[in-house]
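To keep things simple, chains are lettered A, B, C and D as they appear, and every chain counts its residues starting from 1.
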């Protein structure tokens, strides 16, 4: 007998059903809300832009903004910070989870302590948060990536994916879609020869890019759905003999990629505006804390300059379609 | 004469860094409780204990190892490997009641490998355990890759994270273990022999102490405890990952040294180490609550460590100064510049030019 | 010439104490150019401490050192070297990983352009020195693994390479064979005639009379006398060293010997000793004599099991002992008081109580627990029996004087109530009074039916205490001399192997 | 006794020589072993995937190795004195960020100056380590473990979450990261220069030999009049300075610098040094060995992806390799000792 995975899963409750509390859309937005942001790790330009948006939202809402986080993207240190935030009796915890499950127990404790939990960018297990701010629909991103790859490869050739960590929830979802897309007849010319992981570590990603080209001479496109990965890959290509022969695309920050777009290493790449994610997360948190929403499907709330948003299935709020950057428009963006 | 003795007592108190660290801990706890909001609450205590548990747990056997003049840097990797194996077996559908003993067994084996290299092949423990640090962490990645296994039984996870009568469940076991280790180290023949072999391998061997054998079993013990820490870690975060606890070895060593154990072996007390580990954890917890940045945490840890080694020497200097003024005996050569020389290794090899 | 009037090196009433041990008390010396000056005294008399002060290793607590009449501050060994004082230390101090040549010239290597070390010149220099000493050591081999004798030679070469104005030799001949000694003396004489001043320390009087012009005697750290060698007979020298006629020293008791307790057959260890066989009976004191380096300590260490052995059997009371297992030996009732007190006998930083009970923790523990009380009581009992002087049972044993440290080691082993007691250099570095006590203790134990095996380099001790004298030379047992036929000459002949040469 | 001794003498010289040369061979064989391992690895990898030896990938390899080599040389200098410097990773990060922000502020700064600044920053950190070890009279392991935290923390303070991106660094500097002289990357040339200079200084200068002496027998070093304290300061300063230099190379190579650069490098460096046959207890080993050790570790790092071996195996393989290396080291030492002891026996 004994406690096995199956026996446990049998008794596991499914994702949180409808929360008990009922939403009151007309409730006034509370002021002085304590809203804390806990990104995957500090000192990462992408998270800095995200949380920057969050800070903007919180100031608009006349709340108390707080930014905490570890210097390493590890779940355990994130947990310590969640505990601290619980102790400090914040009203809202806004988190980008390093490990969907590892942070779950403490997030539960937070919610038991009456703290609203908003996850953004990388989701925590659904039963441990109220709302998830999704940068874009998984399908949207997956299809976008394949389209860019196919245009750059001229409809056919070898492509490879340089991802972050294999257990990054969002990355894997996108890669799945990419693979489905590649099954479609119109993409039959493209074959995905490798998927490697740079662990969102600049050096590692750089070396993985090296490895890809050493292993796959005929590689045409490197698709990196992570800002760290795409920057590293672009930097390697631009400094190597492959420049001009191998294209790089994926999701990147304009400021990091500008140089490579200018020098022709990168023709086009995409991204939503990370600042908007933080901004939206901030408003969602406030709406939760003010009782305007509970995280149930179909509820709506207003997110300042971004306008009205509706909560989708599983408590997801989708930011919107990503922007595609290229030489023509990149100078209009600064993040 | 009586005056002389009283004076000596004063001096001895001055010398005891472990006592100093305990005093420091108490003082800090009081100050923090008074000045830091939400520090002195039941819930925070349980958070504190949870953060402290793995470090303190591993620090206990590590203290014994360092007292014998060796070191084990592979503990965190052992933790990671046992966590990874736990995850893999859980994934494979084995019952948790079987998995946990298997993980502990694995830990004993990993420790035995260290012991084998250090005692049988007589390799420097620093080098060996740097090697196994890489090896065990590597194997963890081999076992579980970068995947994360979750959905561990709530019954067990809450056993680790839960509280009874307002006290964290882990508190009592930790206390009991600490006491057991303290008794073994300070009040049993084995403990005595550990100090002896740490202070002078030759003298130990001439007194009929089985140095190699004892050290071997110490490494086995350390491996087992590290694996236990791995199991607790996995259950606490309800998530088994290969990179669990990476870098923890430095924290543990820091705690041991902060506790006043000499890296050269032969000196140190267990309660000093318990205090040291607790001080580190409490400090981090309090500073986080006080919204002090992570950067500051790092710096403070480092400074504490440096102070902890320089302070005893300072105390020693003061001591000998006092004694000289009293025209009394100067302290043993241990504190003189080239003896013991600063070294990479707790165990300084005989510098004599002898064959064999 | 001024050399006649102003001594090359003058030591003026220097004093040095280590904790309780007053190692040197107001000693004065004058080394003159072109003269070899002997410094004699018992073990622990303070000779090496004087040397250490000349070498800049220890700073005198009081007193001054003058070079050519000018006061000299010797704070570091470097300072001494700079002043032209070369020292051959009693214990070899070599760099095992470096080549022999580098050991000789470390810090003073000959250099080529751009200050590069000139290895060829370096090796040539060393080879030349070894030729002068008439030994074949490859200058280019690592120092690790050199025999104790070769180590001593390298030390000598080191000192010679300095062509210093003052050369101090602390028992340089202790480990050397007569041949090498003769060569060393030849070199020493040329140096002397070259105008250098030499200080020579040795326990062998024939060497002193052969080489030296003046002799200074130390006793218990104090200066006894300093005379031209001609005005002093060896007996007088010994009397001044010991402070009383020798006979009074050794309270030897005649006891009927019982049956064999320790028997060793064909004991051997590659490269150190071989084919060693002997027996020790209950109530017997057997001395193991020989020159330093003869391998006596190695033998007893192998018997006790601290060192491995390649061949041979050891029986205690008829039952065979497992090789390399000291605990088994202890269980069988064997005790070894080791040669090197500071390294092997004691844990210097540990307390007196801990050291005195180190062999008995298991038996002292109650329910596996060792609570301070029992330990302290046991320690107090035995240290009292041996009249050990200390301030506090919790003091680190390093604070005790040499003699009292030795007593702690004895207490540690006697408290195990051994049937076979092996003592290696039991009285090295301990003062005269304690020495007598130790000897009395050994006699009493023998009287109680303990079998005693005593390794000693001190002939008087050997002759005074032993029922039988076993003599070792270069790892072999070369002679067994019963008490009545044992005298200085017979033992020294066997030890130095002169009867072979003759 | 006399006669046999005399006759034994001339005979004595020959076994001496041969034994010594055999020793020399064995000792050299240790470094040789690593070189062979390296060669084997390259051959196998190339056999599986010829592109491993393509100009580009060799260049990548060299560039990657350069940084670790520089670190390993510095570490060697400290380890042969029977000490250790665990703070190199943090020093690298600090110096990398210092140079980064310097170039960011003053893009006109010539590369040479950047190199100097980085080296200087590192040198200062090293000096602090040395001073703590010497005057605090405390084990280097503890001190440098402490400064590992302190320097890293300082770096985080300074960076305050800011990251310096490629586009903020002057192209001249980034170019230097990949530029070549006669086809040889600058980084590699610098690393080679460091190895050769250090190797030469350690072998052919008194101060170098004295470092070995200190590590081989500290007490004897003092008695021989070696200025132990000063040498210690120098050793740690050198190690720090080289870590600083490595920091600049890092910035040039990777173009992106943040406060976390070089985290955890210390153990990899120690591993490289140990694999390179430098004795942890000091007194023996060469920077050449350490450099090859570093090269070997880096080669494994980039060979395994090329061999399409699961990247997760890398750690395990590195670990096993370290154990193997120190194991052989020990075996060689033991065999030498045994041989010499037997020789003693024959002579005696």
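Assume a contact is a pair of C-beta atoms (placed from the backbone, for glycine too) under 8 Å apart; a residue touches a chain by one contact, two chains touch by 3 or more.
All figures in this text were calculated on a predicted structure; none of them were measured in a lab.
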item: Which of B-D and A-B has more C-beta pairs touching across its chains; value: B-D
item: Label of the chain whose CA centroid is most distant from the centroid of chain C; value: A
item: Centre-to-centre distance between chain D and chain B (centres being mean Cα positions), rounded to whole Å; value: 29
item: Where chain A and chain D are represented by their mean Cα positions, the distance between them in whole Å; value: 40
item: Where chain A and chain C are represented by their mean Cα positions, the distance between them in whole Å; value: 76
item: Touching two or more other chains - residue numbers and ranges from chain D; value: 156, 216-217, 219-222, 337, 340-341, 344
item: Residues of chain B touching at least two other chains; value: 145-146, 247, 294-295, 298, 351, 353, 355
item: Residues of chain A engaged with two or more neighbouring chains; value: 42, 71-72, 197
item: Pairs of chains found to touch, sorted by chain label; value: A-B, A-D, B-C, B-D, C-D
item: Interface residues, chain B side, partner chain D - complex; value: 73, 117, 121-124, 126-128, 130-139, 141-142, 145-146, 242, 247, 250, 253-254, 257, 263-264, 293-306, 308-310, 313, 335, 337-339, 341-345, 348-349, 351, 353, 355-356
item: Chain B partner contacts - residues on chain A that touch it in the complex; value: 1-6, 8-9, 12, 42, 66, 68-72, 74-76, 79-81, 83-84, 86-89, 99-102, 104-105, 125, 165-167, 197, 199
item: Residue numbers on chain D that touch chain B, as the complex places them; value: 79, 82-84, 132-133, 136-143, 145-154, 156-157, 214, 216-222, 228-229, 232, 264, 267, 270-271, 274, 280-282, 310, 312-320, 322-323, 326-327, 330, 337, 340-341, 344
item: Residues of chain C touching chain B in the complex; value: 18-20, 91-92, 94, 96, 143-147, 151, 271, 306, 326-327, 329-330, 336, 338, 340, 343-350, 354, 358-359, 361-362, 365, 368-371, 391-392, 394-396, 398-399, 412
item: In the complex with chain D, residue positions of chain C that touch it; value: 55, 57, 76-78, 80-82, 87, 89, 93-98, 102, 106-107, 109, 111, 115-117, 134-138, 140-142, 144-145, 147, 177-179, 270-271, 474-475, 496-498, 500-501
